[in-house]
Structure formats: C-alpha cells, structure tokens
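Read from first to last, the chains carry the letters A, B, C, D, E, F and G; within each, the first residue is number 1.
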Amino acid sequence: MYRNQYDSEIVTFSPTGRIHQVEYAMEAVKQGGSGVALKSNKFAVVVSLKRSSSELGSYQKKLFVVDDHIGILISGLTADARVLCNYMRNESANYKYVYESDIRVERLVTKVADKSQVHTQRYGRRPYGVGLLVAGYDQLGAHIFQTCPSGNFYDYKAISIGSRSQSAKTYLEKNFEGFATCTLEQLILHGLRALRETIPNNDTGLNSKNVSIGVVGENYPFTLIEEEATLPYLNMLESDEPVEMQVN
Amino acid sequence: MYRNQYDSEIVTFSPTGRIHQVEYAMEAVKQGGSGVALKSNKFAVVVSLKRSSSELGSYQKKLFVVDDHIGILISGLTADARVLCNYMRNESANYKYVYESDIRVERLVTKVADKSQVHTQRYGRRPYGVGLLVAGYDQLGAHIFQTCPSGNFYDYKAISIGSRSQSAKTYLEKNFEGFATCTLEQLILHGLRALRETIPNNDTGLNSKNVSIGVVGENYPFTLIEEEATLPYLNMLESDEPVEMQVN
Amino acid sequence: MYRNQYDSEIVTFSPTGRIHQVEYAMEAVKQGGSGVALKSNKFAVVVSLKRSSSELGSYQKKLFVVDDHIGILISGLTADARVLCNYMRNESANYKYVYESDIRVERLVTKVADKSQVHTQRYGRRPYGVGLLVAGYDQLGAHIFQTCPSGNFYDYKAISIGSRSQSAKTYLEKNFEGFATCTLEQLILHGLRALRETIPNNDTGLNSKNVSIGVVGENYPFTLIEEEATLPYLNMLESDEPVEMQVN
Amino acid sequence: MYRNQYDSEIVTFSPTGRIHQVEYAMEAVKQGGSGVALKSNKFAVVVSLKRSSSELGSYQKKLFVVDDHIGILISGLTADARVLCNYMRNESANYKYVYESDIRVERLVTKVADKSQVHTQRYGRRPYGVGLLVAGYDQLGAHIFQTCPSGNFYDYKAISIGSRSQSAKTYLEKNFEGFATCTLEQLILHGLRALRETIPNNDTGLNSKNVSIGVVGENYPFTLIEEEATLPYLNMLESDEPVEMQVN
Amino acid sequence: MYRNQYDSEIVTFSPTGRIHQVEYAMEAVKQGGSGVALKSNKFAVVVSLKRSSSELGSYQKKLFVVDDHIGILISGLTADARVLCNYMRNESANYKYVYESDIRVERLVTKVADKSQVHTQRYGRRPYGVGLLVAGYDQLGAHIFQTCPSGNFYDYKAISIGSRSQSAKTYLEKNFEGFATCTLEQLILHGLRALRETIPNNDTGLNSKNVSIGVVGENYPFTLIEEEATLPYLNMLESDEPVEMQVN
Amino acid sequence: MYRNQYDSEIVTFSPTGRIHQVEYAMEAVKQGGSGVALKSNKFAVVVSLKRSSSELGSYQKKLFVVDDHIGILISGLTADARVLCNYMRNESANYKYVYESDIRVERLVTKVADKSQVHTQRYGRRPYGVGLLVAGYDQLGAHIFQTCPSGNFYDYKAISIGSRSQSAKTYLEKNFEGFATCTLEQLILHGLRALRETIPNNDTGLNSKNVSIGVVGENYPFTLIEEEATLPYLNMLESDEPVEMQVN
Amino acid sequence: MYRNQYDSEIVTFSPTGRIHQVEYAMEAVKQGGSGVALKSNKFAVVVSLKRSSSELGSYQKKLFVVDDHIGILISGLTADARVLCNYMRNESANYKYVYESDIRVERLVTKVADKSQVHTQRYGRRPYGVGLLVAGYDQLGAHIFQTCPSGNFYDYKAISIGSRSQSAKTYLEKNFEGFATCTLEQLILHGLRALRETIPNNDTGLNSKNVSIGVVGENYPFTLIEEEATLPYLNMLESDEPVEMQVN
C-alpha cells in the first residue's frame, strides 16, 4: 500500500474525493469472521462461522437478537458491534413503546447508518470498524440489509460478509433465483452451503460448534439455532454433495 | 497529483485563494452515479442511472422525495446525501407547519447551501461529499437547482451530474432550447436520451432496473417512475434513433 | 510562490508581522467576478459582470439587496458572501425595528468588518473569502464601501473589484472627478464603461445577460436593473466610443 | 519494530483495518504479571504470581474482590486496573441496590468492555493498558472471562494471562477436559501447576509469599487464599511431580 | 530571518525566554502608518499621517475619539485596532455610568493592556497586531501612553510610532525638554515637524488631506482637527524652516 | 537516550506497551532530594535531606504534615507536590468531617494514586512529576507507602527515594529485619544512617540544618523534628560508626 | 543551544524528567531588570533598577504595592507580572474582608505559586514569564520570598533577581549575616550597594530616576521611596566606598 498524505484523518478528502479512513475501516470488516444472509419470501436467515482463539475458550458469538423481528450478524471489531447492537435494541424498544408497533427494518437500519455517518465527518472520532448483516421481517416481508462503516447500507436478496466472502457470494449468485420460494429448511441449507465455501480446504469444515443460524419470518420471531440444534441441518448438508452438483 | 501543503485542512486557503479540501469534496460528486435534470415550463424531470454492486442486491436509490413539490437526485457519498435529504424534509415540513404553504424551492435550496457552507469554514468537520439536483415546482414555476459541497448552488434549465456527465451535458446543450414547450413525455425522453449518453458503449444501456424517473409539475406532485412503469418511455427511446439523428 | 512556514494558520504572524492566511483569502476576492461601484452626490451605483458556467444555467447573481437603502456587489466565494449578506439583512432589519430608522451605511459596514475580524484571530476558522462593494444612501449622502477578508473596510468615490479590476480602476481614476455632479444616467454609463475595461478582447462584451446594475439614491430605494431593462444603457454605451475618446 | 505512520493515534485505522494503539495497549497486558484462571462446574479459581520490587516492599496485589460473587485478576498497568476495579464494584453495588439481586457476571463484564471500547474511539484518551481475568459465580454457574483493552471479552473454561502465559496455556489445554468435575482442591492444584509453568527455571518457584489464590463458587463467596493459607496447596504441589507426569 | 522552531505558537517560549509570536506582532505595528504624540502640561496632542490606497478612496482614519477626555492613534492592523477602540469606548462609558466620573487614562490603558496580555498566553488566539498611542487628560494632567501587542504599555512625554518613526523620535528627543510649557499651537507644530521627518524625501509632504490632528486638554475635550482645519498649522509649518534650523 | 516517536504524548503507547511520558515523569522523582522512610511495629519515620540553593535562602521543606496521623516526604517537582499535599489535606479533613474518624492511610494513598492516574490517560495534561513517601499510623498499625507519577503505589517496610537512593536502599535491605521491634530512637537512627549513605563523600554530611525528621505512631501524632531538635539524634549518629560496622 | 524535541510543549517531560518550557520561562526572568530584596528582624526592603526605553519615556515601574503589609518587585514579562499583581491584590483584599485580618505573607505567596503551577501542567497555556520578589511583614516578622514560573517559591534572608543578579548575590552573601540587626537605613544602603553591583561599569550608576525602594516593617506599611526621596540614601551611598571596603 502506497504512502499517502490524505489517509490519517477522517475529515480529509483525498484529491480524488475519497475518504481513506473510511475505506480502511471497511478493511476491518473484510477481515472479520465470515457470515451469510439470505431470504425467501417468508424468511430471512443468517448463518455465521464462529471463531475461537483456542479450545479453552468458547466460540465468539457473531449473531445477536435485536428484537423479536430483527437479528444481526457482525463482522469486524466486536466491541464496536456491541455498541451498535445496543443502539439498535434501544431504538427498537423505544419505537415499540412510543408507537405500539414494531419498527420497520429499513427504518432501524437507516438509524444505524446515520449514526455511522456522523463518525465519518467530525474530527476526533473514528468510524465504526464493523459491518452488520441485518435480518428482519416486517409488514413489507423479509429483509436482508448490510450496513457499512461509511454510513451506507444495502438491500440484498442474499449476501456474504467477512473473510473469504467472495466464495460464498459466488455460490449465492449461482443459486439466488430460487431462494424466493424456498422452504425454511432449504433456505438454511443454501446458507450453510454458501458459508462452507468460505472455509479453507484444510479446515475441519462446519460443525455444531462453529456454526450459528439465525432465523426470522412470518409469525416466527428471530431465533438462534446453535450447538446440537444445528445438527439436523449439518447432517443434511453432508449428504448433499449431489444437490450442489445439480445446482452447478 | 502534486504535493501540496495547503490541501489537508478545510480552514486553510492556498496562496492562490483556493480551499483545496472543498475542491476534493467536489471530486466525490463527479465520481458518483450519473443523473440528468431538465425542465419545461410546466414540469421538472430528473432521471438517474442506478448502480448495483452485484445482482444479489437491489439497485441503490438515487432519487428521493423531499415533499409533494420537491424531489432530489444525489451524486456522491450516499450517507452524506441522506443527512441533507433528511434536513430538507424537516425544513420543508416545518415551513408548511408554520406558514401553511409550501416552501419555495430556491429558499429550501439556499438552506441546504448554507448548511454546506458551515462545513467549509470550521476546523474539525469535512464538507459534505455530495451534490444534489433538486427538481421542484412552486408559484414561480418549475425549477432545477444543483447544490455543491462548497455551499454554492446553481439554477439550471437542464443539467447533468456525476460520472461521464459531460456527454449528457453536450446532448442537453444541443437540445435545451426546445425544452420549455415540451410535453411531459417529450421532456422525459430528452432526459433519458441525455442519460443514455453517460453509459459506456459496452454496457447494457438503460433498462427498467437501472433507470428511475422523477417528475414534478403543476398540479403534479413529485412522483417516482420506477421498474415496470419506466418501460413505456424506454420503449419509445429504443425506437427513436432517427429522432436523435434528426436532432444532431 | 515560495515555501513558507507561517502561512497555514490564521493565528500565526510571520516574522515581518503579516498574517498570510488573510492575504490568501484576499486572493479569492481578486479572482472573483469583476464589478464596479461609483457614486455621485445623489446616487450610488454598482455594476457587475455576471458569469455562467454554461448556457444551460442562469448567470450567477452578484448584486443583492440588503435593505431599501443598501445593496451589495460580491466578489469571491459566493457561499461566504451569502452568509455576510444574510447577516447584513438581519442587522439592518433589527436596527430598523429597534430605532425606527434606517441604519447608517458605515455602521452596517463596520458590523460586517467586525464579524470578519473575528475570523482572523481565532484558531479553527478561516477568514471569509469574499469582498463586498456596498452601495448605500443615508442622511450623510451616497456611499461606496469595500469590505475585505481582513476586517478592513474602505470608503471610496469609485472602485472596482475582482479579476482584471485594475483596468476598470484606471478608467475610474481618469474620470472620477466629474462623477459628483453626474446625472444618474451618466453615472451608470461611467460604471458600464469601467466594467467594459475588465473584459478580455476576445469576449463578447457587455450584454443584457451578463450585466446587472444596482442603483440607490435620494428617494430612490436600491433597485436592480437587469435583463432587458439594461438595454437602454447598453445601447447608449455602444454609441459612445467618441465620448470615451474625448475623455481620454 | 518497523516504522509506522498509523500507530500513534487511537482514532486512526491502518490501511489493513487495524488500530495499532489498541494493539500496543495489549502489549502492556502481555508484559504484566502472570495469572491463571480456571473453573469446574461449581467453582471458578484464579491464581496469581505476585511480584515485589525488592524485599523491602510487600508483594503487589493482583487479585481483587469485586463483590461476593465476583473477583478479578489483573495484568498490565496497575493504576488502570484500579480504575476498572472501582467501576466494577460500583456497578455491582448499584445493581444490587436497584434490583435486589446479584448482577450476572457476563453483564458486569460487558459493562467493563463497553467502558473500554469508548477509549478506543475518541481522540484524546488512551486505551486502558490492562487485561482482567474475571472469576464469578451466578445462577448460570461458574464463569471465567477475560477482558481486553480493545473492549473485547472472552468466555473461557481456563486461561492464563501475562508474561510467559503461553506455557501455562499449554498445561491448561492438555488438562482442561477434566476440570468440569474436579473438586475445589484439585482445581486449585491445576491452577498452581499451570502457574508454575510461567516461572523461569532459575527462579525460586511458587511460595506462600508470591502466590495468591481466589475462589468463588456455589454458596462460596469470593475468597482470597494468601500467605500461610496457601501452604497446604503448595505442599501438595511439591509432591505431585508424578501426577503431572501422568497427565503428560 | 533565521529558521526558528519556537516562533509559531503564542504559548511557546524560546530557549532564551522570548515569545517570538509577540515580537512578530510588534512588527505589524512598526509597519503601520506613522504617528506622533506629545504633551505639554495642559495638553496632549496626537498627529497622524493618513494613507490612501488610491486617489479614488478616502484616507484611512488613524485617530479615534474614545471619550471626551481620551483619544487614540493607531498603527498596525486596522481591524484589530477597531476591536480595541470599541473596547475602550465601552469601558469608559461603563465607568462613567457606574462612578459618575471620567475613568483615569492610565486605568483605561491598563485595561487594554490586560486584554492584550490574554492573547499572549492562551493557545488558539493571536496577539493583537496593533499599537496605540493614547492621548488623554484627567485630574493628574495630560497623558501620552503607548500600548503594545505584548500587553505592555509605556508612559511618554512624547513618542512616535509606525514606519520611519525613528526619524520623528530623533526630532522629539532634541526638543522635548521645552514641550511642558508650550502653547497648544506650539505643541501642534512640534508634532507636525516630528511627523514630517517620517516622510520620504520624494513624497509630497504634509497636506490637509493626509494629516489629522487630535487634541485634548484641560477644559478641552478630545477634538479632531482635519481637512481644511489643519491648514493654519500647515501654513505655519511651511514658513518655519528657520525655526527648525534654530532648533537643530 | 535513543530517538523515539512514541514518547511525547501521554496518550500514546509504544509498540512494546509502555507510556514513555510516565516514565520520564518518574525521572523527575529520581532526581529530587533524597529521603528515607521506615517503620517499626509502632512507629513510622521519614527523614529527609533538605537542599538550599544558597546560604541566603532557607532550606526547602520536604516533609509536610497532612493530618495528625499522616505526613509525607516529597521528591521531584515541589510545585506539583504542593498540589497533591493540598489534595490529601482536603480529603483527610473531609473524611473526618463526614465519618468522624481518621481516614485509613491506604485509603488516602489510593485517592492520590487515582488522581495521578487521570493525568496519565487524557490528552492535554502531564503526569505529576513527584513521588511521595507517605508515613502514617491507623488502626492497622504503622504504614509506609510510596506513590508514583504512574498512579501506582507500593507498601514498604522501609524505602528510600530521590537521588542516590540506591545507597540508602542497600543499607535498609541489610538492616530492615530488625526494624519491627526497634525503639523509636533506634528507628530514627536507622533512618539517619540510611540517609547518610546518599550523601557524596565530599559533602558536609548530615547536620541540624539539612535534616528533617518526621515521626508518627501509636498515640503519637505526626511530628516534625527539625533544627536544634535533631541534634540529639545527630550526636548519637556521630558516635555510631562501630554500630554500623557491627551491622555490616 | 542544542535541538530538542521535548521543549516546545508545557505538558511534555524530557527523558531526563525536565519540563523545558518551564525552564525557558525562567530565562525570561533572568533577563528582566535587576532587583534586590533583603530583610532585618523588623524590616523587609526591596530595591529595583528601573529601565527606560528612551529619555522620552518614564522609567518602567518594577515595584508594586499589594497591600499595606506586602509589596512586590517584578522581573521578566511586565504584562504577566500585572496579572499576578492583580491576583495578589484581590486575594489579599478578599482575605481581609472574610477574616478581618491581614493575610500571612507565605499564604499569599503560596497562592501565587499554585496559580503558576497550573500553567505548567495543562496544554494550551504558557507559564508566566515573570519572577517576583515579595517583601512583607506579618505576625511572624519580616519576609522575603521569591516566586518562579515553575510554581516554586523560596524563602530568603536576602536575594537578587534579573540580569547580572549574580554580582548582587555575591555582595549579599558576603554581608547578610549582619542584616538581622541592621537599622532600616543600613538595610536600605546594603540593598543599594548590592544593586549597584548589577550595573555595568560604563553605565551612569544609581540615581534618583532609576532607583526605587520599597520598605515594609513593623508598624510600617509598605512604602515606596522614589525620585527625590531616594536622594538621601543615594548620597550616603556615594560616600561609602570605605564602608564597603571595610565589609570586604
């Protein structure tokens, strides 16, 4: 990476109109743990690959419940993500208290993005070093959003985030056209297959320790499927090589 | 790009009286998505070319409704644009509440420009990295304004913004003299033709996915024409090669 | 321009007692659009040469009404000028409200200058990058003042500002002795002749699009003469080559 | 260590998305005194190796009681640790006052982590240069958490911290599978054996002066075992060479 | 002027105990317009040489009335001087309002000096770039004070300030012993003669346009003598070559 | 000392996790005047070697009474020490007022340390450049504490501070085992002997001018022994060469 | 003077524990005008050598009355001294108002020193560039104190300050033993003799213009002896060459 006089302050534009500190914060997201989010007409699913620093410690959680109808998957600086997650929980609870209904997913995502934007324009702070995949369900249906340190957010049918996410994205691009009408089970399996693509060959692969699944949908509050509860899906995954072949 | 000791602080003039950080922020506008705005006596139209990072995601919205009589097209940093759009919506609503009438378009544009100017004069902030094309209609008729990171704004009959906007501008300069008396349909078609000029040759061109049209006019609240609703205009566009030839 | 360690902070004196950032801000004024102001015993007149970025846009206004008895011509950063113009309007209106009479021109100019001075003495701001020619009429007669980014202001019989203003100044110096007793028409023509000197030879010259005239005087509220209304004066100007010769 | 232009400000991301100042603060933790924490189903135990600057002074305390059900072991800057310890005591007491029950261990750890995160995102402060091993017992059982200057925290079955902690970690990794069902005595002995691994060969080893033990568990408020009280365990340790052999 | 690492911040002492930024501000005073102040037992007189940027503009005022018993002559940055002059007027008026008597001259000068001192000790401001000659009369008699950017002030029998002031000072030093018992007319003439010494040989000399005289004394409120009113003194000056000779 | 890019800001960690500015502040302590503190079961004693800049001035006090049961010896920047001493006096008095009992020595020392820690973590301040030896007596017995600029504090049986303190420390290490049961007189003599070790050979040695002794103990409020009152101890010291020999 | 990276910020310690900016401020004191202070059992005397920039101006005052029982002599930046003098006057008056007795001299000196210390520890200010000799009399007798930019203060029997003060100090060291029982006249003469030592050989020596004497003592409010009133002492001084010889 070349030497650059415009890349150490968040309030400085480069001569080509870029804000390098925001871009560097996005690098922190790219090197976070990998995760996949996808949706059908009725469900939004997030699956994450958890990491552990050693076998002595538990795996680091990457999925968090925000409210009954919203959950998030984080990639990047965990401590920053916690700040944003707390913010989302508060905003969602406040909205429910004031309006006696659930906050719409995009509205909550916009609030997170606005909060992030502030950190890109004032001296003396740094951008949040975290990206979120937000899965939610509201009167407009199932949603998958990605938020960025820049204050941007994107609406996706399916997306992956974190290290080696390109491989998962390739899987998703090949298969996403069928997601809309998938059953929940099929949707979860697609998510796991995409996630599996992000694992280097010499790794042990997906297992009940390192996989977490989050599901939200119509009359289906955001639910975490973890540990043994993931085994039925992982077992189906093991036997599906032919299925994936068929897809390819 | 040459080394410059006056270009990293918004509060610093260069020896030739320039504020480089403002100019760099304008670069962010130039590299945003392309858009075109034009007006007749009765209508103001904005057309934008939306981008998508991949086929998994939806196209990024570039047109936003501010109020019944005003809409904007953005180019540059989306998160910054969101801040300004929210500001415009609040100011417009407040005005309506206090004066029981619609805010005049130029007055609202001036407020945005004043807000932008503040970011060019105090240490510790950066200019907004976004330009807006504002289309509106008020008792003075149809309006097209462009706002800049510098706090300047310009009144146009027709204008384009963003990457490759020079090509669209050339089209507009050849044709703008007839815009005043155009029908709405003709005006939209002129806008789409100008926008088409901003597309590199090897691209797929305009289609119902990547084109958004915003219209506002006399007794015609600001309306977004998107997706399938754009097809009638796109179809007319396809059959109009001869027309454009005639123009040239 | 030589390398200088004292020229990047507004709070730093050079070893020779200069504040370079103030001087650089004055450069922004010199490169603004050109304008001319002059006065007789009864009238003060400002004439400006407007610029347009392209034929698609309207010409940028350079004359602004502050109050019935005061108007300004700006040169430099337009957004900064807007801030100062708003300030003058507020101060003038407040004065009228409190004292039930018009604010004296010099008093208002002093307020602008004091506001500008603050920006030359505290860290974290930059000077205003704009100069104003203020034309006004009060119980002391007609006035022309120039304000500067430094917080200085000057009282003139006639003056020009902006790019190529030296040529206009030369015309004014040759002719100013007769201004005091001119008719309004003659005064305007002198202003236009001086303004014409600032136009490079290969330009189209003055026309009803690029010229604005502001007049204020005894029982004559500040009035803008623009577009077609300028034609009588421009026509007289075309036929006055001999007059100018006679003057030279 | 190489020269780096991104490592002197807490608000600066490096081009690879790292915040070097946070990483440097973690170095302060690595060079602190060594400690070990481990848990069974019913107990959490922390053991620390105290240092003394000379025989004239008492050994520096590294274990602190936070509340009846929580204690901490510190590694890094002692003065920073005191700030965090006071904060934990206050939060725990406030919680008890408001809710009339003990704060859950993870909740308190999260508060410390959130407080630490703030110091990684705003200009003008530095991260806390201390890591904590938190041992606690609540309705969810025994807990061992580690907090970091980054605002991250980790849930462990067993862990070591500070200088030469890798040797202790190796011992823990070989033996941790049996910890869950250990008696308290066995658990303490495992902790001491792991701690012994962090002592350079030419040192005097563990003794009642330099060892502190903290225990918390079901119906067992956090208790410090120090000075003579440690002798029974140290004596058992001396005679256990074969045991450790057996383990290896 | 040599390169210096201690001269860009007002809060930095050089290794020899100097504050260079204060000294540089004093340079701004030295390069201001020249002025002379002197006093007899009953009168204090200030005379100034006004400058004009061109014949189109009026001469810049350098003498200002502060109150009936005090006036000032400024040298240096005019906008800074205006700030201090306003401050003096306010303080003098407030004193009169509270104590129902005139403020003593030295007391007011001390206030100005204290205000200036603040600007030499806190980061983020710059010293005032102006020196004042204060002429006043109170129950202690006639006074001439000079204030400096450093916050120092000096009590003089006679003094000159601004560019080429050394020549005037030489005249004053030769003649000051007779000032105490001068008539007012003689005192003014001494002032004009001293001022004349500051004019380069090829200049036009003193005239009613470029000279201003301020007088204050016993039962003689501070009065400006300008324009035609200066002619009697200037005429006497023209005929006094022999007198000056005699003095030398 | 090598050139270092991490050592000029208190908020900057070095890549090895050190805060150099804190370490530099500790240098100021090392170069302060030397002092010794030691305790028996019933008494805590501090002895200091006072310095005088010349025979014209009195010796600088280094011992200060904080409260009846606490006194301090300072080494380093005297002005900083005064700030901390005032703080201790206030805290001790407040405690007595609120709780109607004496503050425990360690509690007061912790308050000083916490105050010092704040100065190591926020931009724009510097650490206190002073170390304190605190001698006190409370219900837990006699205490000697040392506080540091880092916010650390240490509990000692005996300790020395300031320049050449290593020699005194060597004496203390050889003899401290007998201190616990010393009489007060013996304890003072041990302190003086240790202090004598810090004096260069060519100096005049201890005398009633340069020695101060502070004593606190059971039913013995903190008392300063100065000037002539020190003579009995100094006389005993002169005759004790054999005693010291015996010890060695 | 060597190049130093630690000497431009008041909040920065050098690697050897020094705060260079404080030391540089002390240089300003050394280069101030010279003064001498000395005391007997009943009186404290300060004598100062005043400077004048030219014969046109009065001599700069260096002695100031603080209260009936306290006066000061300043050396260094006069404007800074004025700030401290005002502070002392206010504190002394407030004390008298609250306690209905005179503030003790050392207490007031401590307040000045504490105020000075603040300027050595916070970013964005500079130390006071002035040293004070404080002469006072209270129930403890006569006092001479010196305050420094560092926030230190010293108690002296006799001392000199400012340029060439070493020569005066040499005189004082030779003679101070007899001061305690001097008559006031003798004490003043000793002060003048010491002051005379600070004058370069080619100067005119002490005279009634450049000498000021301040006296305070038992039933003797602080009194300034200036101008003609100094002549009796100066006359005695002229005839005392033998006396000084006798002393040597």
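The definition used in the following text is that contacts are C-beta pairs under 8 Å (C-beta built on N, C-alpha and C of every residue); 3 or more make two chains touch, one makes a residue touch a chain.
Fair warning: this is a prediction, and the values are worked out from it, not measured in the lab.
Chemist: Chains touching chain B and chain E alike, please list them.
Modeler: Both chain B and chain E are touched by C, going by the contact rule given at the top.
Chemist: Could you put a whole-Å number on the gap between the CA centroids of chain D and chain F?
Modeler: Taking the average C-alpha coordinate of chain D and of chain F, the gap between them is 32 Å.
Chemist: For chain C and chain D, what's the span in angstrom between their mean Cα positions?
Modeler: Each chain's C-alpha centroid was found; their separation is 72 Å.
Chemist: Could you list which residues of chain E touch at least two other chains?
Modeler: Residues 10, 123-124 of chain E touch two or more partner chains.
Chemist: Could you read off the chains around the ring in order, chain F leading and chain G following?
Modeler: Here the ring order, chain F leading and chain G following, is F, G, E, C, B, A, D.
Chemist: In the complex formed with chain B, which residues of chain A make contact?
Modeler: So the residues of chain A in touch with chain B come to 5-6, 9-19, 110, 113-114, 116-117, 120-124, 150-152, 154-159, 169, 172-173, 176.
Chemist: Please output the residues of chain C touching chain B within their complex, sorted ascending.
Modeler: Within the complex, chain C contacts chain B at residues 1, 3, 7-8, 10, 20-21, 24-31, 53-58, 60, 76-80, 82-83, 86, 119, 123-127, 129.
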